[in-house]
Amino acid sequence: MAGSPRRTAGRRLQLPLLCLLLQGATAILFAVFVRYNHETDAALWHWHNHSNADNEFYFRYPSFQDVHTMIFVGFGFLMVFLQRYGFSSVGFTFLSAAFALQWSTLVQGFFHSFHRGHIHVGVESLLRVKDAGGSMTIHAFGAYFGLVLSRVLYRPQLEKSKHRQGSVYHSDLFAMIGTIFLWIFWPSFNSAPTTLGDGQHRSALNTYYSLTASTLSTFALSALVGRDGRLDMVHIQNAALAGGVVVGTSAEMMLTPFGALVAGFLAGTVSTLGYKFFTPTLESKLKVQDTCGVHNLHGMPGVLGALLGVLVAGLATHEAYGDGLESVFPLLAKGQRSATSQAMHQLFGLFVTLIFASVGGSLGGLLLRLPFLDAPPDSQCYEDQVYWEVPGEHEDLAQGPLRAEELETQA
Amino acid sequence: MAGSPRRTAGRRLQLPLLCLLLQGATAILFAVFVRYNHETDAALWHWHNHSNADNEFYFRYPSFQDVHTMIFVGFGFLMVFLQRYGFSSVGFTFLSAAFALQWSTLVQGFFHSFHRGHIHVGVESLLRVKDAGGSMTIHAFGAYFGLVLSRVLYRPQLEKSKHRQGSVYHSDLFAMIGTIFLWIFWPSFNSAPTTLGDGQHRSALNTYYSLTASTLSTFALSALVGRDGRLDMVHIQNAALAGGVVVGTSAEMMLTPFGALVAGFLAGTVSTLGYKFFTPTLESKLKVQDTCGVHNLHGMPGVLGALLGVLVAGLATHEAYGDGLESVFPLLAKGQRSATSQAMHQLFGLFVTLIFASVGGSLGGLLLRLPFLDAPPDSQCYEDQVYWEVPGEHEDLAQGPLRAEELETQA
Amino acid sequence: MAGSPRRTAGRRLQLPLLCLLLQGATAILFAVFVRYNHETDAALWHWHNHSNADNEFYFRYPSFQDVHTMIFVGFGFLMVFLQRYGFSSVGFTFLSAAFALQWSTLVQGFFHSFHRGHIHVGVESLLRVKDAGGSMTIHAFGAYFGLVLSRVLYRPQLEKSKHRQGSVYHSDLFAMIGTIFLWIFWPSFNSAPTTLGDGQHRSALNTYYSLTASTLSTFALSALVGRDGRLDMVHIQNAALAGGVVVGTSAEMMLTPFGALVAGFLAGTVSTLGYKFFTPTLESKLKVQDTCGVHNLHGMPGVLGALLGVLVAGLATHEAYGDGLESVFPLLAKGQRSATSQAMHQLFGLFVTLIFASVGGSLGGLLLRLPFLDAPPDSQCYEDQVYWEVPGEHEDLAQGPLRAEELETQA
């Protein structure tokens, strides 16, 4: 199972070299460019005798921690549902998120806080870029980037690993830890980058209502389409969260609580039906292998959310927003753009996002097919032992702790 | 195992219809009645040029998130201790809590924030109603409502499912996730609805001290009454939390740190002894099947907490509370009621609570016995497969999903 | 397996007596000494008509909750990696932390808030003592105290329990819950005791950057030294956290983001190499049995962090800190000490810490060897059944703790 000596040697060096190279590069860029900002630098902060309670830390840190919990705990555990891929799911999410914190300091820093040759950092530097369209630029982009990439990497022989593609009882419970933490902190995620005050308050509230409705519609639809009316854990773990995705663009707008319920309900419905009917077609017809169902949780609800943003923006009036129009739609408030024109811009943004995602995903896929990048064979996908020491494997593979499930699914 | 065709068809429709009906009804009520309040509405908030940092969001949101974590993570995982009922425990808690967020917006809204035909909502609308007696109205009410309901639904043949009523090693560890999150966020739960300032601070502090003492007494008593002096996970998972229940009414009063320790110690003791000696009697003598021991965690500590509230209220003096009396006991502060009279009112409140709980529980039980509501047979209680697709069940039951660990520990 | 009748009787009384004695003693001390402070006492708070929003509760409570989550969830679950010691790991962490909250109120109260015969308490009384050198006084002290204690308690026959010293697949996933919660809340832990404003903000930021770098170096080194290039869960669970330890002393200083990356990277490297090469030597040569690798996570990174504090303190200038020097190094700001002299004091502090840890650990070890304290035999270490009822053990010990599911699924 350990593979050929050449592959083993390659694997021994691949991850270390990648980590060391990336860490070395970011460290040098940090040394040259990154400095504390006026909220974190001892001399700058005390220069003007601020009141310590005014430090932005106290306004941003709680939301910031919620979002971190969501990413590290939520996404980390959500993918532990795979019976033999739990170490990889939680471990590689951990590694990627840690590096992303460094990298986003640099990328966002160059775009947003680059003054006189330096990036100035505080906790808000570690937060996602302000983005009036999370449904588009995060969910729809990420989903279609990944799906196109998966199309390029299509493995016709993947059914050799089919027996490991499902869950076992306790791996599903671990995944529910992920789901629940994502659910409760999604309102923080959607509200964190919005303007302080009513905008942040409204975003959190709309996201909550939308999530409650997607949860109800997911349970309803899952039982309706299930074998003997039984619920499917995959639906509950994922589609119940679609309400958070679908209001990504419009949560800070005057969506109304009723609008949030309707949006969430639709998103949960579309997402559950996607898992049941569309995912199988996606593989058989379009040759896209979507193990986690990102098309159902991020793809379709993301596009739906972008379209909802088009609608709600198109309906924006001075009457509904009052002086608050300035912070939600500044160009409308200044009279430089009509509501309809704002809606058209939003729609155009969606198309641009989908084109960039497709081109980026294709290029990414081709890059990952470079021969010196060592991918596991078709029969060893979804298998922790390729990358991890798994307890029990030394003693006797026949006795290994995961042998059982395998035996069982093969039986 | 799938049951008769008629039952299957009934089950396929029952949950979807219930969800769709409830969601449809709340959505219509939201459309007609629910509006953003002045903290969440763009126009209303900006009408008076508030400072954004004053938005109530920043004072309420952290506690609010703590309480949500407690309910979704804490209660969700606490009941995962049942070896084959984990999906149902975490899944149905998730569904109920999501719907409760919508429903409580309406119910509390009609009573507390109904102006000119509309309910006005912000994050505090999703918080529990202000309640100087959580021990009574939440814990004692909920416990006795449920116990009376369980009496009405008594199943003499439930021992047919006895073999699934216990835990397995890892299901107990999942339950401890629930316990720990309940423990650390219980101070937020008790303090969230109290008055801002010293009241909220004191509630959190008293709850902490009470919880530490109930934890110590639970460990002490569990070892004392255990077989060969061994600790019982059921006690630790539940009775250690009784300290949070017992100060539900009195946490915001001048209970003193010493008083909190004594109250918590007693609650942990009563609760542990209840699990050991009273729960078996409850079933054999009173025909009440209390699988989770709610009588021990919520019933007795809730009544104890209500009585503690009677005592501490009866001892309230102007000297001890100073000008703070106004916010804890407004009627005392205004001279409209004496401390003794306040105590009598608290005691009367307990009796009313218990009567309402008994009547409500009886009616609820009779409702659930309606023939078209399809309950699982006695031999299939505590079994996820009744409601959920469970991994592995298709292939061969003899190979069950947890077979692997067993093989290994035998090696 | 239950042991002799005398041992059983001893065990039945030992834990209860210890809990009751400690709880009794603290309760009496609470009754005599502990009072609400001016932020939690109804009369004192309202005496001066404070604005309720100024109550320290609102500034301290979110960080305080983060630290509690870290201790109860993080440390509780981190040690669940042992396959048959999960109940003990999470249970005894729970018990110890609960008692520590009471005890630290008294100990810190006598030293820090003792006025006119009383200790005055609010939530900050439950926080760790302010400590400009967490790397030293918490991590290095704790680690070497424990290691010396373990040397005194050395068991040459411990290999009799070797088969229980490792993990199983799902116990490793539980441990990752611990790791992730420790990681995300470590910035709160390092920043909680520092001065409000820029100091707290900077501590959190430096800790984040250091943790990201230790995560990258841990993954890199773990694959580099692993069998066939495979990652080791023990490294990821522990060494990835070394970045939090290593900046314990210097996080509030002007370490610079680059400095934080370098420190974290080194700590992750040293810690991973320690697990691979030093831990085996520690047992074979120095007779120290370090099951959890505290030397690698707390010992070496703690000493490294203390030395980093010496370096950064020695480089402190008025120019770099401006008026902020007052809050980080008050004696430097007042001109009573030079930067070099501050560095020497820090270095001296490390030596004192190590000496106290060694002496304390020796005495503690001798105390624990007292004959009436009943330790489990060499063949029953790392075994929950010594202290806990473990599900399934009644039926047949030869079938291990997970017998239950198997019986049932075979039925």
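Read from first to last, the chains carry the letters A, B and C; within each, the first residue is number 1.
Rule of thumb we're sticking to: contacts are C-beta pairs under 8 Å (C-beta built on N, C-alpha and C of every residue); 3 or more make two chains touch, one makes a residue touch a chain.
Quantities reported herein were computed from a predicted structural model and do not represent experimental measurements.
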item	value
Angle (degrees, nearest 5) of the CA superposition of chain B onto chain C	120
Same or different contact residues where chain B meets its copy chain A, judged by the half mark	different
Length of the line joining the C-alpha centres of chain A and chain B, rounded to whole Å	32
Interface hub residues of chain B, defined as touching at least two other chains	62, 170, 177, 399-406, 408
Chain A contact footprint on chain C (complex, rising order)	59, 62-63, 66, 83, 166-170, 172-173, 176-177, 179-181, 183-185, 188, 195-202, 204-205, 208-209, 211-213, 215-217, 219-221, 223-224, 226-233, 236, 240, 254, 256-258, 261-262, 265, 319-328
Residues of chain C defined as touching chain B within the complex	2-3, 8-9, 11-16, 19-20, 22-23, 26-27, 30-31, 34-36, 39-47, 49-50, 52-53, 55-58, 61-62, 65, 68-69, 72-73, 76-77, 80, 83, 86-87, 90-91, 94-95, 98-99, 101-102, 105, 121-123, 126, 168-170, 174, 177, 385, 387-392, 398-411
